[in-house]
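What follows is a single structure, and I will ask about it in a moment.
In order of appearance the chains are A, B, C, D and E, and numbering begins at 1 in each one.
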């Protein structure tokens, strides 16, 4: 069981896709102007990640290795498209903000990376946990970035404004440059914390 | 099974299952999506044409306007793209709404304008889409800015600095709205007259 | 004479007396006419912004160096230059807390994250300014006239036809603190040039290409050079040596590029003034310019007879 | 006359007024002289005397083992008291012959020629080689070797280097004033040997009196006035300023059709061929803010620094640095024990205040070092490569073309030790290429 | 003129990397050296132009006429991936030199969302065939430009005393942010 939990926890910190592996970066920057957008994108990605991990793990003995990449692409693309359509139908506002980054989940290399490196070699349960951990690691990173940018840039959190409408906020953080700078500084923060943890242990 | 036959079979099966699944999801969501979009548009039109209970789409591309009057072609090209006519309970046209577009600070600003059919006065405008700077250009969405257009007719200047005040620090965005309203208005009124 | 304790170091054994702190303080001296003009035209606001901008920059630098455990080098004057230049490039009515934020960002994000003096890629004062514009676009684009606090449009917005050349020359026009007086900027620039601190290639490159561009687009070159922050930037900001190329040819390219981009943005962009961005963009190209304009080394490419 | 110059360079405080007007005084030989076997570029000379031998002034005490080397002669008459390693001004220990002065000043028989220009080219060359003459402008390359370029090379110009661009030094200046006739004779002899079509003497325009003096004898020889700027006397800069040509990178001056010789070398050549005198003495400027009575001396080679400083009245205060050579390229000394050699043109003493290493700050990319580099390098970049051990990049950016003039280090407002790191890079590049070839 | 605006817009005003946030992974991953950055940029530009043509044909001659726009994502990504494979094989056969220069980058590009993202945007924008191709060229050139600028700056950073926690990717993000800030000066140009 401890082994399984490890599959789950590694995505949250040590192998965090955003802060550690630096993969799947486009949505990290593009859709994090608010915490809610970050959360939505994170959960959508997590959904695709779990589904495709499970499916690929199930099919691992069926798929010939020569065509495995196209197969993975189809599986991932299918789930991305499903998320895209469903979100369009039921969460139209969020869908509009996330825009093409929902279909782009298919090229997010967290997906391909996990399919190739993990799901194709492991059991259904550990693949699901791996996907869940990676997805939640991605989700918390996006939500945190979104929250910071939203607080600084718009003076609100999860769309609840906590400053007067007329108050000046650091609009920089809502804009593209603010996205890059926020992520850069958060990566530095993660490095500091990790260095401390390493020293402590 | 031969290796390459297996490859082809597996790939085909996966692709077909995927295609089928997507087709089903698309069917299921497609209706909801178009319904949503219609609802959203209706809600906006309702906002600018309060008395209308039913809306008809008049034209959704410039070409329908151009056909009869080649002289208008040049202007029309950059103006009205979408136009709607509102009817009251008695199926009498009460006015029309059109989408106008103007170049803003961060890209095109699209504005929905509602006009009273009888008086030719603007009933209200709403901003359909824009990419202006939050807190600066985005203030074109504010009621106080939009309300300046209410009551204007084609005989009014509808010009920045004359009868419309720009938002401080956002002249570009303000001008985009004014231009979207003014140019759209001219073409749309011709189209509306013809349609009656 | 038996027990001489001699110092042994490699040659050369003599050094020029100019030092980096001297250079920074010379820039501050050269800013005196500009600062004086801004005090004259904008009064207390000018004093307030210059003092706060300078102090916040110096304090940020000290804190950053303290946290990093580095030697605190605020006495070299470079942070003060950044703070003062930032203050001189903002509108007179900017709230105090905003100039402080600008200075903190200029030093923290513009300079210290790169490793401090000499390592930064982008002009720190302009990083601070661009941050302020992105965050507080309205206060950063609201100008008041000289001697009063009535909001007025700058000459760039009003246009050449409605601006008086003498007003532009002496500085009696709305604008950012340091940019209005052509005379004061020229005085400072001549001093810097005389002291060998600024490179004529950059300044002439900016002014020359802007003049040519405005001539080609049918604008009035004199008006274009005298209005907005073009001249101020050409003298004090494009010339920041840390963020401009170090090859002779590169400096021409840099200056011409800045002038060209300023006029491009002024003429076709949606910003009335593109100086900040023009310089930041050329700052970004500077490493590539340096790499591609290496001087031919003496004797290379010469055939051995 | 128009003033010629090159691109780059610096204008340090020249401080030549301390000694420019002091005529050359002959310094009598000390009790003992220490004559190093290595005073030139190339293989060290091999001692031909041993402890206890009696020697005459002008007698060979070290033989050249191969063409790129130079024989060494006794500057005085006396007894060899030791042949052993002694401190050299280059900071290392070098095999030296120590001679105790017998006070007789007895000379070997000298072979004189009243009209040396008529001599055969080969004869002149062999006399130059036998006299142990090496470049006296600094590097000490054996003059005979430099005068015999490969057969297929054509030499258009012989340039005499009278620039003396190092601050403080006036040895060459006084030499041109007081030995003008020998300078011209030496030039003619060397031109004959190397087949140069034209002789040009390059002199900085702060020595107009020397120009006037030389013009009395120069005849067809041209004098080129040069801007007063360091390193005007650098061989490559001189060639560029006077002929507009460049020495190919990694090449030698003859490949640009030029041979450059220092004016003191010319005098030594004249005296060797006409008077048969080997190179056993040279002119040295003793100067600096803490020297009691700065002046110029004609000094027997092998005289310890100590004796020369004392002859100039000693120090006014304890010095911080004593340098052999000028302030730009000279060697800082650990003490005053080492002797003067053929290439030492000055002794410079700086005060403690002037000797402290300045506070180093980060490079602000002001490009002053770029603007002064006379070989158009990017010193700031080379320094960074040197510090970060990026030897390949340093090589690609021309580190090996650096002439080590020190202009970059001099001018840097952040007081960065640019040249120091460039030297490190050069050494590493040489070491790497040696390793590859072996 | 229209085409010119599309090109300038894609290169400067709505730079794919700095404003639209597409292709960030290679932007961060392959920008340590200017030489490799140029290789990656050129390879990506090439793939973009080819996939502009390919996806335009697929969209307007296959997906739309058969009522299958919902299959856009899988169809595009599969065809881009196969196209890259073909291009690689083709290059290998015909021009080993070019293959050596660009080959190592080609497989990376398939999973670079700039290419797929570009195709989706081009379809949304309802560009004509020629416009699509120019748009693809602009997107690629814009990507190359941003990549080169970042690489030039990051090379400079090896001499800089960057704070330890920011070293490497952290400072690269800050630099990208400042690049993006500088590029905001281009807004409104077209």
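By definition in this document, a contact is a pair of C-beta atoms (placed from the backbone, for glycine too) under 8 Å apart; a residue touches a chain by one contact, two chains touch by 3 or more.
Just so we're clear, the structure is a prediction, and the values are computed from it rather than from any experiment.
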Original post:
By label order, what chains touch subunit A and subunit E together?
Top reply: B, C
Original post:
If every chain is reduced to the average of its C-alpha atoms, which one ends up farthest from subunit E?
Top reply: D
Subject >> Centroid comparison with subunit B (C-alpha atoms), farthest chain >> reply: D
Original post:
Any idea which two chains share the most contacting C-beta pairs?
Top reply: C-D
Original post:
Using the average of all C-alpha atoms in each chain as its centre, how far is it in Å between subunit B and subunit C?
Top reply: 45
Original post:
If you average the CA atoms of subunit A and of subunit B, how many Å lie between those two points?
Top reply: 34
Original post:
If you average the CA atoms of subunit D and of subunit E, how far apart do the two points sit, in angstrom?
Top reply: 60
Subject >> Where subunit D touches two or more other chains, by residue >> reply: 362
Subject >> Set of subunit A residues in contact with two or more other chains >> reply: 70, 74, 77-78, 81, 85, 168-169, 171-172, 175, 177-178, 181
Original post:
Which positions in subunit E touch two or more other chains at once?
Top reply: 70-71, 74, 159, 161, 163, 166, 171, 174, 178, 181, 184, 187-188
Original post:
What graph shape do the protein chains here make by touch: line, ring, star, complete or other?
Top reply: other
**OP:** Kindly provide every pair of chains that touch.
**Re:** A-B, A-C, A-E, B-C, B-E, C-D, C-E, D-E
Subject >> Residue numbers on subunit A that touch subunit C, as the complex places them >> reply: 168-173, 175, 177-178, 181
Original post:
Which bits of subunit C are touching subunit E when the two form their complex?
Top reply: 68, 109-110, 112-116, 119, 121-122, 127, 130-131, 134, 261, 264-265, 268-271, 274, 276-278, 280-281, 283-285, 287-288, 291
Subject >> Interfacial residue positions of subunit D with respect to subunit E in the complex >> reply: 362, 384, 387-388
**OP:** Going by the contact rule at the top, pick out the subunit D residues touching subunit C in the complex.
**Re:** 10, 12-13, 91, 153-154, 167, 236, 240, 245-251, 255-257, 306, 309, 314-315, 318-323, 325, 327-336, 348, 350, 354-358, 361-367, 370-371, 374-378, 380, 397-398, 401, 404, 406, 409-415, 417, 419-420, 423
**OP:** Using the touch rule from the top, collect the residues of subunit B that touch subunit E in their complex.
**Re:** 18-19, 22-23, 25-26, 30, 103, 105-106, 172
